[in-house]
Structures are given as structure tokens and as C-alpha cells.
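What follows is a set of structures to go through.
In the two complexes that follow, subunit A is the common piece, with subunit B as its partner first and subunit C second.
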Partner chain A sequence: MVQLLIGQALNGVIVGTLYGIIALGVTLTFGITGIVNFALGEFMMIGAYLTWYLVDVAGLPFAVALLPAVVGAAGCGFVADQLLFRFTRNNLINGLLVSIGLISVVESGALLLWSATPKDMSYVLTGSVQLATISLPEMKLVVFALLAAVILLTYAALSRTWMGRAAYAFAQNAEAAMLMGVKTARLQSGVVVYSTALAGFGGALYASLYSLEPAMGGMYILKGVEAAILGGIGSPLGSLVGGIILGVTEAIGSIYLPSAFRDAYGLVFIVGILLYRPSGLFGSDR
Partner chain B sequence: MKALRWLPWAALAVLPLLLHSNFILTIFIFSFILGMTAVSFNLVFGFTGQLSMFHAAAFGLGAYITYLAVSLWHVSFWIALLPSTAFTIAISLVVGAICFKFKLKAFYFAVVTLAFSELARLVVLNWNSVTNGTLGLMVLDKPVLWLPGAGSVKIDGTTAWYYFSLAGLLLTVAVCAIVLRSWIGRCFAAIRLNEDLAQTLGIDIFRYKLLSFMIANVLAALAGSFYAFYIGYIEPGYLSIAQSLDIIAMVLVGGRSSIIGPIVGAFVLTGLPHVIELSAEVRVILYGLILILTILLMPNGIVGTLMGRRRAA
Partner chain C sequence: MIKALMWLSAVSLMATPVFAQDVVKIGQIEAQTGPNAIYGYMSSQGMPIAVDQINKAGGFKVGDKTYKLELISPDTRGDPKEASIQLKKMLETDGVRFVFGPFLSNVFVTIEPYAKQFNGKFLLMGGATRIHDFLGKPDHDFLMRTWNWDAGPKGFGNLMVDRLIKDTGAKKVALLIQNDQGGKVLADIYLPMFKAKGVETQIEFFEPGTKDFSAVLAKLAAGKPDILFPGYSDAALYDIVRQSVEGNYFRRFFLVRGSLGPGLKNKDQIDDYFVYVPKYFEAAEKTDPKVAKFVADYKAFYKRDFPYDQAPLCSSSCYDHVFMLVEAMKKAGSVTDVAKIRKALLSMTYDGLWKISYDEHGEEIFNFDIVHMTRGGKIAVTSVEAR
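Moving on, here comes the complex of A and B:
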């Protein structure tokens, strides 16, 4: 029983970091452009399918395929930003609707291209690590390490570099930041593109663990938004912790309650946190 | 001028006499019923300024309860609307009271109502003994209407449903118009324009937001019952986020500043993808493109843009 609990908790942590990377994109986009990009899940799907295509069809090694997959997703993100999101800055509802429209277009496009049949990429790493009585697949550890590293690096970059501090300044007071020489239009586009690159990276790693289908993005964006709110909108570390809490609760909850209710935990968290601590676990009280 | 307002309705009323295409009339029926949902949603969204994501839940729960009342208690469609309405009022009061008591606004109100809506969907999805889960339920009954001269008529077939759903839409529009023209509507507008000021002026914003949320949900539940009995099938997808988003899309495409705007949106988004013969995937792409282009090019919606033009001219 203990073994099952620990095993499930570790699985939860890994799924949770995937939620976390989407949550980071959600949180950054919301802080800088004032919209929630619900289409982030679609960029994750694009990243995942690109990786699958490069590895299984073109025959590249996984490590080499990662970069073009992320660049591809970010490229799509750049096009989407210039054509669509540029016009919905600070307009929550229009941004929502435009990203919904984009979901319809991208998801159906993926259905036409790759059909609804799930795609399974060939295994990258097949070994597993034995920790006492628990065996952990190596690939899951690698995925966890990479995702956590990217989230922590983003956090460090936001607090240490000039660009990062400019972003914080912009989120606090756009006008003052502009007067201090922050190139606001470029910053906003940059953040939108960066968040799609993060989603594409998450998708590329997702492809190495789970099977792909065109509708996969929809679930992950919901969990990502939940994790972002749980951790506190605007907090990069919060999105990682929020994602892990959500992932672990779901994994452990499915042991005791019917797994059909796995999607409900996040919702209960959200209601609780928004009613009693609206700034989230890590958000600053405003 | 006032008579002109009735012209479109009159045109809709005589349409089936001139046009015998079941295909086109079916598109109209769908647009009417979804129009009912969109018009009622716009009461809370466009007129009170609250982005509720609970609308699909009200629509779906209304459909389920009306059907369950019909099948379990063997009552008529009309009697079954009573428990469905009562339940919708009760759940709206609970959800609305929680949200408004904690003064949730904009994005946060949307997220919490969305969470409640998803919880409702999960309950419906997993309560297999009552709702039959993902497989859904077949609705074989049809509403029976007593008409002078014709006696009891079963609403069956395209033309009958055309008039039935048109009447439903007219009822929804009438309720919204009456509410919005009264002092209640002015309180809604005050809350939408400046909530703090409205409170300072002595408007009980908690009560009026709750009222708006409740009326909208009750009308949505009615629309859901119509929809279920027209299609003859209910499934948990009625309560899905996608359904909520479709409704928001109709309102924004049509225009949220008028009562009839959402009906136009319902027609455009239900009708256009079906007018041209296309595969399902291409149809969804077209739907997405219509949505994106209207939002970007006509931020006030179709009706808003047309009215703006006329005023400028």
C-alpha cells in the first residue's frame, strides 16, 4: 500500500510539472498581456506532434528533435501573436474568444493532418531506476528534471536579468515601465511567444511518455489554468508548486475515490483558494 | 418605427409557408433554441457585466431534470418544467450567493462559475444509474400542446417544432425585454457600468447580480429542455465548457449591447457552417475563423456594428 502511494505520488509529481509548465505560460501571458491564452494547449499539441514526426517519421534522435519541435511551436506562436493576439491585448474576453477560435482551427487542422487515432512515439529511454522497492522509469525522471529546470531558470531569469525585471515592472505599471525605456510591444510579443515555446517544450517531452491525440491540449490547458490560480497568478514558482500539488492530489485521490472524479479535485481547490485566498498560495496580497 | 420592430418576427412566422425545405427549417430551429440560450446568457453577461460560465450547466441540468421528471413521474412536459425550474433557481441561488458574497469579479467570477459548472458535469457524467453516463438518454416523448380548434397536438415534425421554438424564443426575448425595461434593468446597467458607484447610490448589488444570474439560468434551463425534446437525446456534453463557449461566441458575434444581437450570432454560427457542404473538420475550422474574424474586425458584434453605422450616418 505504501509502495502504491509513493509510486502514485511520484507519477503525480511528473504530471504536475507538465501542468506547471503550461501554468507558467498562462501566468506570464496573463501578467504581461492581460489575457488568458486558452490556445496554449494547442501549442503543446503542436510541439508533441512535431517531436513524434521528427523522431518516428524522419528518424532523428529524440534529443536532436527537441529543439526544432520547440522552435516550430514558438514559430506558430509568433504567427498567432502577430495575426491575432496583438489585437486583443488587455481585453480578457476578446482574448478568450480568439484563443477559442484558434483552438477550433488548430485542433481540426490536426485531425485532418494526423486523424484521431492516437500516436505512440517509440520509447526513448527504456531503463528504470530502483529506489528501494519502487522502480521509476528513467524517462520520467529526465522529463521531470528538464521541466523543473526550465521553470526554475525562467524564475531566475525573471528576477535577475534586465528583461525579467522589465517584465515585472511592466506588470506592475505599464506606463511607468514604458517611460523607463521598456519596449512594451516587443516585450508583450516576446512573452506570448515564450509561453508558446514553453508549451511546445512540454508537449515535446509529453510525446516521450504518453500517446498523442489532437484533443490532448484541451485537458492540459484547463489543468494549467487551475495550477496557475492555485499557485497564484504572476508567480513562476507558484505555477510549478501549484502544478505539482494538483498532479499529486489527482494521483493519490484516484486510489481512494473512483478515478472518474480525478478532474474534480482541481476544481474544488480553485473554488476554495479563490474564496479564501484569491491571490493564490504564492501570490502577494494586493 | 415601432411596427418595423415586429417585421422580422412576422417574416419568420410566415417563412415555413413559403419555404418547404426541411434542411433550412432545421437550421432555423437550432438557431432559435440556441438563440434562447444566448439571449438569456446576455442578460447576465452583456447587461449586468458578469461573465458567467455556468450557463451550459443550467442548460444541461434543465434538460436532464425535465426529462427525468417526464420519465420517472409520467407527467407532461409542461409539469416537468416546474421541478426543473425550481432546481435551477435553487442551484443558481447557491452558486450565485457564494460567488457574489465573496465579491468575485471578472476573471475570477468566470473561473469559479466554470468550476461549479464542471463539477455539475462530472456529477452528471458519473451518476450512471440516473443519467446513463456518457451514453446519454433517449428522449422519446414530445411536448403536447392544446390549441384552440385543433385540440391536443403533439409537437412533432419540423414545422411544428419551428413554431414551437420560435414561440420559445419570443418568450425569452419578451421576458428579457420586460426585465430590462423595468427598474431592474436599470440596476443591472448601473452594476455593469460602475459597481462601486451603484452600491454608493443604494443599489443592493448582491441582490441584483443574483437576480440577473437566476433569471438567465432559468431561461437557459428552459432552452435546454426544448433542445433535449427536439433532438430526442441528452448527454453530459450539454454541460461542457465547449457549450458555454459556444454561447459566449454567439453573443459576441451578434453583439452584446442589444437583446436581439445574440439571435443574429446564433444564426451566423449555427447556420453558416452548414449552408455549404463540408466535412466535419473543415466545418469546425470555418466556425473558428468566423469567430476570430468577427472578434477582430467587429468588436461590437454584427448588430452593434450595424447600429453604430446607422447612428453615424
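Moving on, here comes the complex of A and C:
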């Protein structure tokens, strides 16, 4: 039983980083543009399908396919920003409506292009790492390392580069940041595009672990939003921690309780945390 | 000038009903998008081909009139509320008398109370498992089920379980089923069936949309069952089978819903993979000219590859069923007398991609295949004549 618990806790950590990367996109977009971009799950789906296409159809190695898939998702993010999101800046309701509309459009487009038949990409790594009696798939460990690295690098870039500090400054006081020379329109577009690139990266790695279907983004954006709220909106590290807590809670909850209500275990945990820390684990109390 | 316009209007008004009578509208309520689109996908792909072929051939003749078909096929997205609105529009506004679908039980149980108000005025022909419970009940003559039933002496599930026990000697089966109407029905059917045959069971349900099954697979594997019986759509099965073999939880699988695809993908890691396949198209295409023609027609119509792994689902409310309905209308000598057309459907056997007939309650019976794959992808196909 202990081995089962440890194994699933580790699995929860790995799955949680996938929630974390979407949560990071959610938290960045909300902090800088004032909208909750529910369509981020769709950019994840785009990244996943592009990866599948480049690997299984075009025959590229997975490592080579990652970059164009991320660029493709970011490119779609740029188009969406210029055509739609830039008109909804700092308007939560309009942004929400546009992002929900975008979900329908992108999902229908994916269905038209790739049908509802699940796509299961050629396996990149098939082996497992054996820790005593615990078996962890090698690909999951690679995905965990890559996602955690990207989240931590984003955190470092936000706290140690001029651009990152400009983003923080803008999130705290947009007018003051503008007066200090921060090019706000470019910053906002940049953050939207970067968030979609993160989602695309998450999607590309997701494709190496799970089967793809056009509706896949829906569940992950909900987890991403949950993780962002749990970790504290505005905190990149909080996104990672929030995602991991969510992943571990679901995995452990499924062992002791019926797995049919797995999603609820994370939500109950969030409610419990938010009762004591309304701004999330790493969120500012301001 | 005014007189000419009045004449023109009068002629137009007279012409409209004549034109309307020459078209038979058929409806379809299936999920074409959304998490369960996989169950509506093939139906919504097959019906337009059949309608196109019938219309391009000049339509069909009933009595001394020639009719063409008009297909109304909105997307329910698997949402029962959406499906209810669409069905209401079909029945009350569009004047549709023949509706195909739904395949999803949660959609069916929502539309059923409304649909039964139109008993005797239309036919609802769907594959949803829950439809079985209402067949032959008072006020439910409108219902026909377009899918083989699992249980009963000749039920395909019953035959498959017998085959499983005979071939593997399984004594304990773990069921991992989606937590929705369809999944609950599967549990209701198969738990007593296994028990009656002396096979021990353990069961877990999972939420629709789940992608990571590691935790629940580990939990089930701890009970040391002989085989995993996962359900029920490929969207989940690809992940369940992969994670089962990667985590070394299970290597033997038994499926009554879903395709061969997940097994083939992991063929070098599995020991046994039993699957109910209404038709194993890959093999049937080489031996049955009707199947080969359908595959070619599909490719020409949609200008894309044929979805071999989804094609077996065309056994429900799909291509054959449109032709069968047309034959029934011809036999009944009417395109509007629903009772006569239903009677004609119940009395006929249609020999298309499948050999289709109905039992006295309106449940479909068709020939099917059991595919047993072993390590390395070695496949043995057993064709079963259900009647």
C-alpha cells in the first residue's frame, strides 16, 4: 500500500506539472491583459496536434517537432490576439466571451481537419524506470523535467530581466509602467503570445503521453485555472505548486475514494485552501 | 402586369406543396463534436453518403411518385439540452418523421419523455444502450434500437464472455468503466453476467475526459484480477491500454465497446486483447465487394482516408439504415404512414454492409466479428451470425 501511495504521489507530481504550465499561461494572461483566456486549452490542443502531425505524418523526430509545434501554437495565439483579444483588454466579460467563442471555432476546425478519431502518436520513449517496486514511465519523467524547467525559467526571466520586471510593474500599476517607458500594447500582445506558446509546449509534450482528440483542451484549461487560483493568481511558482498539489490530490484521492469523482478531490482541496488563504498559496494579499 | 404577378403567385403557392411532398426529410441527432463525438462521428459520416447516392440515382419511387431525401443533421455536441431543442425543431417545425440517433444514452434519457408524446407520428432509430429498456413498452412504438444487445442467450456480450472464459480461463475480471449513463448500463449488464458464470469482478468508474489512469489502474491491479475490461470509447481506451502496459498493471484486455486500435498500438506489450467489432473492415474490405465499395465511396465523398478504427460504428444508424428505411417505405407503399413503415422494417432483412434485421420489439440484430489479438499483433477473427 505504501508503494502504491508513493508511486501515485510521484505520478501526481508529474501530471501536476502539466496543469502547472497551463496555469502559468492563465496567470500571466490575467495579470497583464485582465482576461481569463479559457481558449488556452485550445492552443494546447493545437500544439499537440501539430506535434502529432509533424512526428507521425511528416516523419520528424519528436525533439525536432517540438519547436515548430510551439511556434505554430504561438503563431495562432498571435493571430487570435490581433484579431480578437486586443479588443477585449481589461474587460473580463468580453475576454471571457471571446475566449469561449474561440473554443467552439477551434474545436470545430480541429474536428474537421483531424476528425473525432483519437490520434495516438508514435511512442517516443516506451520504457519505465523501476524504483523498488514503483514503475514510472520514462517519458513522464522527461515531460516533468522539461515542464518544470520551463516554468522555473519563466519565473527567473520574470524576476531577473527588464522585460519581466516591466511585466510585473505593468500588472501592479499600468499607468506608472507606461510613464516609465513600458510599451504596453506590445507587452500585452507578447504575454498573450507567450502564454499560447506555453500552452502549445504543454500540448506538444502531452502528445507524447496521451491520445489526442479535439475536445482535449477543455479539461486542461479547467485544471489550469484551478491550479492558478490555488497557487495564487500572478505567481509563476504558485502555478507550478498549484498544479502539483492538484495532481497529487487527484492521484491519492483516487486510491482511497471512488475514482469516478477524481476531479472533485482537487476542488475540495482548493476550497479548503481558499478558506484560509483567499488569494491562494503564493498570491499577494493586496 | 398585376394580373401576371397574381398568376405567378398563385402558381408558386400551388407548386410549393407539390415540391414539399417529393422530399422525405430525415433527421439525425448525434454528437459531431465534443468529448463523446466519437460515437456520433461515423453515423454522421455515413448518412450523407447514403443520402447523396440515393438522390444522385434519381431518388426512389413509392407508388407513382419519386422522392428524394433531405438530411437534417445538427450537432448535439453530446449535450442532452441541445439535442432536445433540435428534436423539437425537427418534429414541430421541419415535419421530420424519421430521426436517426442518438447513440448516447444520456441524450436519449433526456429526450425520451418529450419524444413519446409523438408516439405513432415518427420513428426514432438510435444505438443508445438505454433505448433497450423502453422497447416494447406502451407508448414507445416510435422506438427502434440500431445496435446488437449485449445480454440474453444470443446477446453478443454473452457470447463474448463465454469465449473469454473458454479461451483464457479467467476467474476474476476488473472493470474500468466511464461514469455516465452508457457506463452504468454496461455495469448493470456485465456484473450479473460474470457472476452467473462464476467469474469474480471488481469495478471502478472514471470521469469522462480522464486522461491519466495510473492511479485507478494501480488500485485495480492490486486486486490481482486476470483481465481488464475497460470501457468504453477509444478516447479513453488508447490511454488505458498504454498506461496499463507501461505501468505493468495489465496485459490482458476484454472489450465490448471500442476498437482494435489501442491493442494494435501496444501489440508488443499485450498478451490478449479481445474486442467486439461489428465489422473488421481491414479484412472485410478484401473479401466483400460491398465493403470495398463503401470504403472507396467514403474516400471519394470526403476526399480523405477511411477511418478504419471508427468504421465499425457505422453499424448503428448509419449508411445501411438509410437504404433500409427507403426499402421499408417502398414496401409499405407510403412515406408518411409511420406504423406501416415500422412494420415493414420489422419484417425485412436488409443485406448491406451488414445483414440487418429487427426482433419483434424493434431491436436490431446483425452479424458481427470477435477479434482476438495476441502478442505481436497476431489476429484471429471469428464471424458470428447473431440470429
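Convention: the second predicted complex is superposed on the first by the 280 of 286 C-alpha atoms of A that agree within 3 Å, B and C clash if a C-alpha of one lies under 4 Å from a C-alpha of the other, contacts with A are read in each partner's own complex, and residues count from 1 in each chain.
Rule of thumb we're sticking to: contacts are C-beta pairs under 8 Å (C-beta built on N, C-alpha and C of every residue); 3 or more make two chains touch, one makes a residue touch a chain.
As the structure is a prediction and not an experimental result, all values here were calculated from the model.
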Next on the checklist: After the alignment on subunit A, I want to confirm one thing: do subunit B and subunit C clash, or do they fit together?
Outcome noted: clash
Next on the checklist: Applying the document's definition of touch, where does A:Ser128 land relative to subunit B and subunit C: first, second, both, or neither?
Outcome noted: second
Next on the checklist: Looking at A:Ala207 after the superposition, I want to know if it touches subunit B, subunit C, both of them or none. Which is it: first, second, both, neither?
Outcome noted: neither
Checklist entry - Who does A:Ala215 touch here: subunit B (first), subunit C (second), both, or neither? => result second
Next on the checklist: Quick check on the superposed pair: does A:Ile270 touch subunit B, subunit C, both, or neither? Answer first, second, both or neither.
Outcome noted: first
Checklist entry - First (subunit B), second (subunit C), both or neither: which does A:Leu111 touch? => result both
Next on the checklist: Under the stated touch criterion, which partner chain does A:Ile21 make contact with: subunit B (first), subunit C (second), both, or neither?
Outcome noted: neither
Next on the checklist: Going by the contact rule set out at the top, does A:Leu84 touch subunit B (first), subunit C (second), both, or neither?
Outcome noted: first
Checklist entry - First (subunit B), second (subunit C), both or neither: which does A:Val248 touch? => result neither
Item to check | First (subunit B), second (subunit C), both or neither touched by A:Leu4 | outcome: second
Checklist entry - Same subunit A residues contacting subunit B and subunit C, which ones? => result 107-108, 111, 258, 260-261, 263
Checklist outcome for this item: The residues of subunit A that touch subunit B in their complex are 36, 84, 87-88, 92-94, 96-98, 100-105, 107-109, 111-112, 222, 225, 229, 258, 260-261, 263-264, 267-268, 270-271, 274-275, 278
Next on the checklist: Looking at the complex, which residues from subunit A come into contact with subunit C?
Outcome noted: 4, 7-8, 11-12, 15, 107-108, 111, 115-118, 120, 123, 126, 128, 135, 137, 210-211, 213-216, 218-219, 250-252, 254-255, 258-263
Next on the checklist: Help me check something: in the complex, which residues belonging to subunit C touch subunit A?
Outcome noted: 32-35, 37-38, 40-41, 179, 204-207, 209-212, 214-216, 218-219, 222, 234-235, 238-239, 242-243, 246-248, 261-262, 265, 304, 307, 309-310
Next on the checklist: Which residues of subunit B touch subunit A once you look at their complex with the stated criterion?
Outcome noted: 51, 98, 102, 104, 106-108, 111-112, 115-116, 118-119, 122, 125-126, 241, 245, 248-249, 252, 281-282, 284-285, 287-292, 295-296, 299
